[in-house]
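Next come two complexes built around chain A: one with chain B, the other with chain C.
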Partner chain A sequence: MPPPPPSSPPASARAWSLSRNGWAGLAPVLLAAALFLAFLPALGPVSRGEALVWAASWVPGLGIELAFRLDGLSLTFALLITGIGALVLLYSDSYLAGHPHYARFALFLTAFMLSMLGLVLADDLIVLFVFWELTTLTSYLLIGFGHEAERSRRNALQALFVTGAGGLAMLAGLILLGAAAGTTRISEILAQGDAIRQSALYVPILVLVLAGALTKSAQIPFHFWLPNAMAAPTPVSAYLHSATMVKAGVYLMARLHPALSGTPGWIWTLTLLGAATAVFASLQSLRQTDLKQALAWTTLMALGTLTLLLGQSSTYALTAFGAFLVVHSLYKAALFLVVGNLDHQAGTRDLTRLGGLGRALPMTALAAGLAGLSMAGLPPFLGFIGKELKYAGGLASALPALTTGALLLANAMMVAVAAATALGPFWRPPAAGPAPRTATEAPPAMWIGPALLGLGGLVFGLAPELLETGLVAPATASLTGDIGATATLTLWHGINLPLGLSLATFALGLAIYLALPRGRAGLAAALDGLPNLDRGWDRFLHGLKRLAEIQTDAIQTGRLRFYLAASFATVVVALGSTLLARGLPPLAFDLSDANGVLATIALLLIGGAALAAASRSRLAAIAGLGVSGIALSLVFLLFGALDVAITQLLVETLVVVLVAVALLRLPKLKPLAFRPGAAALSAALGGLVTVLLLAVLHTPMDLRLSDWFGAASWPEAHGRNIVNVILVDFRAIDTFGEIVVVVIAAISAYALLKSPRGNSGDTR
Partner chain B sequence: METLLALCVGLLVACAVYLMLAGRLLRYIFGLVILSNAANLAIFLAGRLTVGAPALIAEGEDAPAAGIANALPQALVLTAIVIGFGLFAFTLVLAFRAFSQLGTLDGDAMRVAEPERPAKPAREARA
Partner chain C sequence: MNSVILTAGSRVLAGLLLIFSVYMLLRGHNLPGGGFIGGLIGATGFILHAIAADAASARRALRASPQSIAAVGLGIALAAGLLSAVAGDPFLTGQWLYLAGLPLSSVLLFDIGVYLVVFGAVLTLVLALEEAV
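Entry: the complex of A and B
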């Protein structure tokens, strides 16, 4: 496990005032609170099973609309996001009071909140993806907020890579889903679940979409980034790991539940990964002595449980999902903020050193107590109701023994962790050894949030029908499609199996708590024996860098010859494979029609070039070049291209003269040995060009364009030399461009020749 | 005739590529000249060959006689020759300048933009 990241706030942050951060402190709180209040009136229509829809055209060519839809599931998330967002922002204003970059922090956190809001409201797959990526980016900025720390940067990048890779897979999955359904509107896709489950694309869709959801929600084997994300300031942890970021994956699975669930692949993947994550994370949580790390792992446990519940299709399981979602968000955000208070006021997060702070921090202790009891699932808290429902859902699942067993183990360990983290620091006798510094109560802005959240767990526990009709029933209806089909939220279900399991949970949890101080070291040793994916990640990145280095060394040699050879070889492969795929033309080398004149010219053409290629004398090479060029002009002359022949002759003469002038100042050619590799490559390319030309000559000639130019030359342009007419009349702009090119070459050459030596910087 | 010239184009390309792969700037430029000649001939050839019948309209006629040379590839080649010459002249000056600045025409020895990699450190410090 990584050591706890350093996160003690700057000394100046300890002094509290209402608006030490100025407008940057207050404006985001007001924005979040206003959004929360704006969503509240929607409770009425949504609880009647209605959905509010807003859409605007965005990419009409692809049928993508900027569509938003507020139903039960979206509203539950929206209220959690804005409500907890407001409290966290209020808390941050004090926690990071006077931080030099507080405005930046508030901007990131607000941007994250808005991205998350867009994600849960989106009713179009592409819109959903855009907001999904925005949450990835903003959470990267938040996790890496303390960017001066190496560890912080590394963990932020890790979160970005893991969730970003998952996001790309998800994009592919969403596009396939849109293709399978024929629309990207989510509400329309959800209505045709059966068709999608029978589609040939179902398996790829499932794999790709789950890759995105499971990485974002940090399920095994992608779990390692989440505890590392604790490098962020504590309010960020409270926000990202209670209501939002990590729940984005859960949200996606819940959103697409009607379209994708119910198949063996869905049930087994989610149940097994969820159960494994829940139990593994609970064990990891037990071994932690850093409060923040312990809470981080319990978040994973909660995500595992939610994933497991989403694997099922029974009403109980889905109701349990809706209820536990709210329960967890309330207590987890509260507890993270409590840990922030402890860190801030007592100067440590080590639970073996904290104790007896109940009197010094009464309000924080109250908030912690309320949240902790809800987390432990004691009646009459909402956590108890959530736990009962989880057991009922587990018993009604496809794999009752496995799911219920995993839930029982995880819940029992949660009881122990809740006792150790939420109650221990306040009510346990102070530990021996160096005492933490004398602590006082945190300022009100820092305990109001956790206290309200903790109180929520109690109020909703005592009056569960509030939560049921307002949020849980509509949210469940989003999954089941039936507003009436919700298990009742109540404290007393009668004496039944879930109640018995609850009692067993408490007993087991208490036993674990009592055994914890002695057993922790052993547990830590056992867990350290397991493969560590976090270190594996480092090795993976290191290997990737090595691979890049080896590849760069191999490809980027810095030698022009190598680059040229690679380019020519690419042309050979591309040409050759195309010719092979298209079928070779009949290669009949019929040379009988060539007369003596042409043969002589051809000999000069090739002989000159070969002399230039083979000669070690500069003069001979220039002579060869000239002979070859003049032979070419003879070819043009022979076949009726008078203007071309004249130009070629002129240019060839100039080439020879220019090279000869340049050679006065250039060194002699160094003799070069015969290079078989270069020769083979040259021969291959030359041969291919010949074959290609023969193939071209084999195809019928389309003379329509030439005939048109010929026919129009005199009547329209009043010229009898068709070539000239094409150049100066029909294609005059081309010729003008050609002149420009020559002028630019001339200017550049002049500049190169005239610029003083050594002015182009360091040449060594 | 076409077959013979197609063979010529292939051989010109082979000579040009062999020269360009020598890694010496002067030979590279020779290769460039031959390669542009080869390309021009290829375009000309692809427009088919007509012996001794230039693309002209006789005095007093409104349209060319049947069976004259294809004018379009000639126009294209004409443009290509001139542009190829511009490229050649610029490259030659560039080589000249590179030699006066660096004292060599060996492409492998010109490492201003991509210096030789220093010997690799044994192992980077782990993050």
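Entry: the complex of A and C
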């Protein structure tokens, strides 16, 4: 659990001013609000079924465009992201007032908001992936914002690993999808859903894309990271881990619904995982006494429900998806912020210790009540409409008994959790002693947001046609492709089965709520009996580290001779097997153009190498190597490669200087012992290199490139020295890469030589 | 190393090597030479000085740290590559300018970057090694 915000003097918390953190507090709010207002005018065209498109060339070679498209689904998300973003940023400014790193926090949160916006607007698979990864990264930074706490760092890393791994799988899936469709433009892919479903790549695409979506949206069995992500400051939980980021996976499934849905694999995977997640998370939520944890698990329940609904193809289910998406974002963000208020003002988030705060925090209590009633799905709140639609969608699904049953169970438990979390702390006497701090109302900036969000649930519940024509119908149309095909959002559908199910939900929910105080311990014990994937994750990481250690111990002996032998043996095996597979070249030396000069050079080469190998004096060995090197540069000189010869000569000089300097430090050479293994390896390597060179000589040279460089050097690059022209002009980017490596190598060597333990025997 | 001949000789030689290295750099586009070779020759001049006197004296003579020289070289090479963006060409396309018949080019600038990188990197390594021993 995160510690309460480090510096929040109660005195200043009561004062209201424009911003607590200067520009860092105000600017992000203004940005988010401006973006929200900028998206509003799009409601008109989008509700008529039009889409706004903007595209710029990005990677023309691969046909990838920086393409964005605003349709019903994107607009719904965009408005949620910017609207809730503005309120959360406003809230954070007071919640983290005077925090020494508030600017950093605001930067992360704003960066996240923009990444998320890019994600939902992207109309190109690759662009979508880039923004997807950006949300993963910014989320990592935000979860780990309180990085002094070890737990916070661990949970941030866990979220990063789980969603990052899913993201990589998704990248592979998106690339396959692009290959199957022949384009990376999402709008074009969606138009050819039937072709994709019949493609041979469909199954791998489905598995890989769902791996990304289900990890991001924390579905079983990847659910464990989300409750841990609550280590983030509460506004972050409200924003990322309920309203936006975790919905990115849901967004992806919804976005690709026209292209991928309808097959048994899609229906079963989404329905079963969604239902399991919804029910399991509701149970977990019931057992929690920490308000934030309870809400975290209800978020999982919502994500499971959304996944389950996306598994279907009926208009009811998809309308329910659109409606519940908005309902949930409104009430869940509000409730998280309310919990933040309780934590901030009363000093605890423990359900059993909070109670009777309704008079002390009237506005917070009001916001909590509005949001809680919408969450419980009572009429006339929007949550009621969402719930009815869910039941209608469940009844129309491929597996009506299973989906409706799961929805009923989960919703009933939501009623109980809503009562316990949103109403309990305010209107019920505390169960276990008084709250530790005498609480006062939070500053307005901290209740305006939740109150507005809660009010939204009521307004849209009373006037559902606003939401329907503006957002839900266009969003559903993005999935069905038909702007007319939307179930109506209304409070009164007449007496039908969904209404009966709603009544059953309330009854069951009330029963659960009443049984909760006594049943919680038993429920907790039962749930603890299930396999704990969070602990499994720790064991997995630990095992991975052990494996790395064992492998490092085995390979990294720290002995230079071993490294050399291993490298040479690898070359021998690779080279030998290739040569054997390709067939040996004729093993004949063509000495027809040999002359006295070449013979002398060859003798120098061989003699130098022999001296280096046989000498017992280091100085003599280095001199021998130098002789070989200079003889080699003579070869280059003789055959006209003047630049190479000069370079070789200079490098040879430098090597002798370097080794001579190092020599002063080395012990005397021991008398050479005969090592049969080393001798065999040397002989094999030498022999193989000889054979390889013979093979090269027997292959006719392809001179097209050399001829082209020779011809183009002066007219195109204004230079007569082909070697230099290639280095600095034709192949300049290679050279650039090389000099980067040279700098890195020099700096690394410098660090090694200058570090105090640079020559110690630490092998790890 | 205490050798009067080497110390006296190195003073002249180091200067000559530096001038020669610049000469090699500048003629490189049309005749054998270039930034890589020039950088190596230039570094040799300072290494000679470091051997004749000591590494500290070579560092003083160098004024800037060799790592910085290498990094500056990398920056110059990058800037030379980015110059082509001004003309709307792809990264590292050679740009030429004739100032009263004197050919100046981004290619030469790039080669100067290479020269400084090689010069700085080699000296980073050799001087650190000299001091470590």
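As a working rule, the second predicted complex is superposed on the first by the 557 of 764 C-alpha atoms of A that agree within 3 Å, B and C clash if a C-alpha of one lies under 4 Å from a C-alpha of the other, contacts with A are read in each partner's own complex, and residues count from 1 in each chain.
Note that in this section a contact is a pair of C-beta atoms (placed from the backbone, for glycine too) under 8 Å apart; a residue touches a chain by one contact, two chains touch by 3 or more.
Predicted model, so just to flag it, every value in this text is computed and none were measured.
Once the two complexes are overlaid on the shared chain, A:Leu598 sits against chain B while remaining clear of chain C.
Among chain B and chain C, the chain that touches a larger number of residues in chain A is B.
Judged by the touch definition given at the top, the superposed model places A:Lys754 against chain C, while chain B stays out of reach. Within the superposed three-chain model, A:Glu148 lies out of touch with both chain B and chain C [touch as defined at top]. Touch criterion met: A:Thr653 reaches chain C, while chain B stays clear of it. Contact with both chain B and chain C is seen for A:Thr735 once the two complexes are overlaid on the shared chain.
In the superposition on chain A, contact of A:Arg720 is made with both chain B and chain C.
Applying the stated contact rule after C-alpha superposition, one finds that A:Ala613 touches chain B and leaves chain C untouched. Comparing which residues of chain A touch chain B with which touch chain C, the overlap comprises 642-643, 647, 651, 654, 658, 662, 665, 720-721, 723, 727, 735, 742, 745-746, 749, 753, 758. Residues 150, 154, 538, 542, 553, 556, 558-561, 564-565, 568, 588-591, 593-594, 598-599, 602, 605-606, 609-610, 612-613, 618, 621, 625, 628-629, 632, 635-636, 638-644, 647-648, 651, 654-655, 658-659, 662, 665-667, 669-670, 672, 675, 678-679, 681-683, 685-691, 693-694, 696-697, 701, 703, 705-706, 709-711, 713-715, 720-723, 726-727, 731, 734-735, 738, 741-742, 744-746, 748-749, 752-753, 757-758, 760, 762-764 of chain A are the ones that touch chain B when the two sit in their complex. On chain A, the positions that touch chain C within their shared complex are 642-643, 646-647, 650-651, 653-654, 657-658, 661-662, 664-665, 717-721, 723-725, 727-729, 732-733, 735-736, 739-740, 742-743, 745-747, 749-750, 753-754, 758. By the touch rule above, chain B contacts chain A in their complex via residues 1-24, 26-27, 29-31, 33-34, 37-38, 40-42, 44-59, 61-64, 68-72, 74-75, 77-79, 81-90, 92-97, 99-102, 105, 107-108, 110-112, 114-117, 126-127. By the touch criterion stated above, chain C contacts chain A in their complex at residues 28-37, 40-41, 43-44, 47, 51, 66-67, 70-71, 73-74, 77-78, 81, 91-92, 94, 96, 103, 105, 107, 110-111, 113-114, 117-118, 120-122, 124-126, 128-133.
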